[in-house]
Amino acid sequence: MNIYLSGEIHTDWRDQIVAGASGLDVVFNSPVTDHAASDDCGVAILGAEPDKFWHDHKGAKLNAIRTRAAIEAADVVVVRFGDKYKQWNAAFDAGYAAAKGKALIVMHGADHQHALKEVDAAALAVCETPQQVVDMLRYVLNGTLPS
Amino acid sequence: MNIYLSGEIHTDWRDQIVAGASGLDVVFNSPVTDHAASDDCGVAILGAEPDKFWHDHKGAKLNAIRTRAAIEAADVVVVRFGDKYKQWNAAFDAGYAAAKGKALIVMHGADHQHALKEVDAAALAVCETPQQVVDMLRYVLNGTLPS
Amino acid sequence: MNIYLSGEIHTDWRDQIVAGASGLDVVFNSPVTDHAASDDCGVAILGAEPDKFWHDHKGAKLNAIRTRAAIEAADVVVVRFGDKYKQWNAAFDAGYAAAKGKALIVMHGADHQHALKEVDAAALAVCETPQQVVDMLRYVLNGTLPS
Amino acid sequence: MNIYLSGEIHTDWRDQIVAGASGLDVVFNSPVTDHAASDDCGVAILGAEPDKFWHDHKGAKLNAIRTRAAIEAADVVVVRFGDKYKQWNAAFDAGYAAAKGKALIVMHGADHQHALKEVDAAALAVCETPQQVVDMLRYVLNGTLPS
Amino acid sequence: MNIYLSGEIHTDWRDQIVAGASGLDVVFNSPVTDHAASDDCGVAILGAEPDKFWHDHKGAKLNAIRTRAAIEAADVVVVRFGDKYKQWNAAFDAGYAAAKGKALIVMHGADHQHALKEVDAAALAVCETPQQVVDMLRYVLNGTLPS
Amino acid sequence: MNIYLSGEIHTDWRDQIVAGASGLDVVFNSPVTDHAASDDCGVAILGAEPDKFWHDHKGAKLNAIRTRAAIEAADVVVVRFGDKYKQWNAAFDAGYAAAKGKALIVMHGADHQHALKEVDAAALAVCETPQQVVDMLRYVLNGTLPS
Amino acid sequence: MNIYLSGEIHTDWRDQIVAGASGLDVVFNSPVTDHAASDDCGVAILGAEPDKFWHDHKGAKLNAIRTRAAIEAADVVVVRFGDKYKQWNAAFDAGYAAAKGKALIVMHGADHQHALKEVDAAALAVCETPQQVVDMLRYVLNGTLPS
Amino acid sequence: MNIYLSGEIHTDWRDQIVAGASGLDVVFNSPVTDHAASDDCGVAILGAEPDKFWHDHKGAKLNAIRTRAAIEAADVVVVRFGDKYKQWNAAFDAGYAAAKGKALIVMHGADHQHALKEVDAAALAVCETPQQVVDMLRYVLNGTLPS
């Protein structure tokens, strides 16, 4: 089963899921999580832009080559919203995945519940912790519940 | 041409676009913009929920009947990000529209430029004002530029 | 908005919805609700069958010309499960509609809640009465809640 | 060839098919057939719900992650209707599979013939026993008929 | 309801259906049924070809502009096989319609039953006469059976 | 029938087709054919760009709102290649239309035959004059050939 | 590259292609070519039918499980029309493959040219011999022409 | 990741990319780049044509078997426009890839910037050198930027 881990890149939630899912028949993909590389990839390869809009535009499109392919290939898209920042790209990915008919799992803290209600409404599961994602993947794949 | 106006519901940007586009061959749709009705529609019709999550869940899904149909029917989806709030539903709609191959126009102030770079990267136009949306619609439909 | 009313054919729930939705910008479709005609249409037009399986087969396929086209054309599919009978065709329609990405509303009494959990899980709304369907359609179309 | 075995979970029909198909180039998938785990998976991982509807809702959606992916991946969907229970999820799966253009095989006893006529009408084969499914798979793959 | 009448062009079966369906809410389309025009349209407009293959090729492609659009637009595709000729274009249209998920009605005499078994297997109805097509359309649209 | 007229914008071939098709049941669409407006629309509405690449980029994307919608809506896409310029947008439109399954008519002079062989290979008709397009539309719609 | 070999089953054309393509990176699939098994498979597994129509119907549908999956999986569909019989299933497969956007190669003798013009018009290549199919596959895969 | 290298065939840009991407998890495909074979493949295998149009037509269609399959299979389509020739097939491929939702990278010199603005507008990256393509692929796959 192919899992795409979208969203927040400032904590180690992806590592926790990958470690927890050790031994399961899953393949994980994610965006580039090196924040500086992700921001500057466009101009680093395709040439500098004096205007910040186009600087960002080149980078965002280059990153989209990776993220669109990964969402298309995914059976399950997990989107995590962290405590900080606007994280509109995470919500964009959730909408993109929903429109493609992907199984959507949303992970966020209770304080974001109301603001994320439309995103949660499109999900097959809403959770708070990486361990819950691991437990779900194990159940979905092997039918076993946490003891 | 069918236009869906998604996103921020606290200013009169939709009214400005509709007024400005008077005379053009366009049909506009939008989400329910009555904030209270939008929040409580689920429980008002389908029964109260003691848990806020399910209260919101029922409402968000009921609103989705309208918004999904409207995005599917749209040729152009305009998504406006205002100054306040998380507005994750706006970014979700943008991702949904992009995945469905809809022409996407994003409207936001300069201060949100970096945070919206992935959303902007999926758009065919990025603008700041309702007048620009009107000008684009007039050009797209009639081929005439603002004088 | 195009609404398909699928499922139970022994009570007047469709009439109640159509009457209640008077004045709304909706078009309703439904299967043939004349039970005898629905059962015998195949052999009546295409010739008798001594084997009940093929008798039913001819009829079910002929009815499918109507129901498939109606589901395809629908924005919203309402599926009602009544108190009696297996009603597997209703659940089949719900699955068909879900796979086609249609907005699904399921209507049933509380006693069927557990048995219909997979069907309800695919729905954007679960309700019990025709009045609730009318209220949802009015809200979805006009944004007004029942007073 | 990828085969999804949907429906009744109280007899060993899946085991019989898997055993009988030994040596054929097939991969079988199925829902979680541990009834208790299937009913409670949602709350076990995602937290308890006082309301039975949401208890079931969480579980049904979590199970849908597995079943939707399995139906999407399948070349053939076999749906068995047993003697007992409403089995609306089986009919839902059949409708879902039909809408996705999957080859559908329906298995049920003669007493359900009339009630399942719409489901049977969407199938490429209707049979009564696991052995018949095995014989069909062998024929479809190898072209050999039972002697 | 949009009906495409494909196949045999040497008898008046289309006229019989159109006349019989008078008063029903249907729109009929058909290929160009002027045999000489259909054969020579390509070279008549696009220039002569010394090689019969390309003469026919130009015409067949020009006719495809009409037939493909008509099948795409159709809810129901009726394909009639007459007594004579190979009629491979009729079987091609049936396959094309089946792959597009169109409701397929096949009309042919009993002597062609075995040769058409694969085509019939993809149909929702198999009949012999234009009157049966009319009766089916009336039933599908209005729910009334022939008296 | 909906016809999109793509490609060369320096001669009056569109006017000839529209005039010739007078009385036929067709709707014509085209790109904005005012060359200056088409080149500068992006910066005129969305703000000036010092870099020619982004100047053109904004314009090309704004024009794409019109052209993509028009190709999607079209039953037939006519692409004309004139004598001058690279006309890569015309070939791009042809590829786009082919991938969307649109009926493609290509119009060009004999001198471009070899260079356009891949584009012609995807077309249902290849012609040289507006009159031929009119003759094809009349035949496709009415079945009548030029006398 | 996945190749489906559809159509005539009375000569060894498939064997010639498979032998000729030895060493190429291709996988071949075909329908069941044992005529008797293909005709009787339905009743042999699913029970006898007194009516020849349903006898054939059961068999044709069972064969469709194999053929539909094979066409879906194919990159190239080769359809051969032999000298005898109606071969409507071959033309049906060609139409089905064309509608699915598969690359279509048609093989037939010169005497069938006119009758197959609509089928040929949907093909990317029309040929007469198995050797030509092998030569095309070698060219398509390796870029080498027959010496 | 599957990469299709479309367009100009007179320089060694493909070799440079393949060599530069050594060690990356990519599979490259390309059209037949032997110009003479590509031009004459149709008649070499399927028989001579006295008319150059059909000579080219046979070849272009045969090449399309390879190129369409390769674009369908690709995650990323790189299209290079060289200094010479019309290269309409390159622009056609770009349009085809865009319509199929493929990630598009366009490579061309600065002198073609204005003429390619519509093609560039559909791309996720526009570059000038094979090294830039290699750098992008490495970043997209491994997240590492050129040092």
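Going in written order, the chains are labelled A, B, C, D, E, F, G and H, and every chain counts its residues from 1.
Going forward, a contact is a pair of C-beta atoms (placed from the backbone, for glycine too) under 8 Å apart; a residue touches a chain by one contact, two chains touch by 3 or more.
Keep in mind it's a predicted model, so treat the numbers as computed, not measured.
**Student:** Where in F-H, A-B or E-F does the G-H interface recur, with over half of the contact pairs identical by residue number?
**Tutor:** E-F
**Student:** Counting residue numbers used by both copies over all numbers at the interface, does the subunit E-subunit F contact come out same (over half shared) or different (under half)?
**Tutor:** The interface of subunit E with subunit F is built from mostly unshared positions.
**Student:** Counting in whole Å, what is the centre-to-centre distance of subunit A and subunit D, each centre being its mean C-alpha position?
**Tutor:** One centre to the other, that is 31 Å.
**Student:** In angstrom, rounded to a whole number, how far apart do the mean CA points of subunit A and subunit G lie?
**Tutor:** 44
**Student:** Which integer distance in Å separates the CA centroid of subunit F from that of subunit G?
**Tutor:** About 37 Å, centre to centre.
**Student:** Give the residues of subunit A touching no fewer than two other chains, as numbers and ranges.
**Tutor:** Subunit A, residues with two or more chain partners: 61, 64, 126.
**Student:** Note which residues of subunit C are touching subunit E in the complex, please.
**Tutor:** Result: residues 32-34, 37, 40-42, 44-46, 58, 61-62, 64-66, 68-69 of subunit C touch subunit E.
**Student:** Going by the contact rule at the top, pick out the subunit B residues touching subunit F in the complex.
**Tutor:** Of all residues in subunit B, those touching subunit F are 1, 75-76, 103, 105, 124-127, 132, 135-136, 139-141, 143-146.
**Student:** Please output the residues of subunit C touching subunit D within their complex, sorted ascending.
**Tutor:** 52-53, 56-57, 59-61, 63-64, 81, 85-100, 112-122, 126
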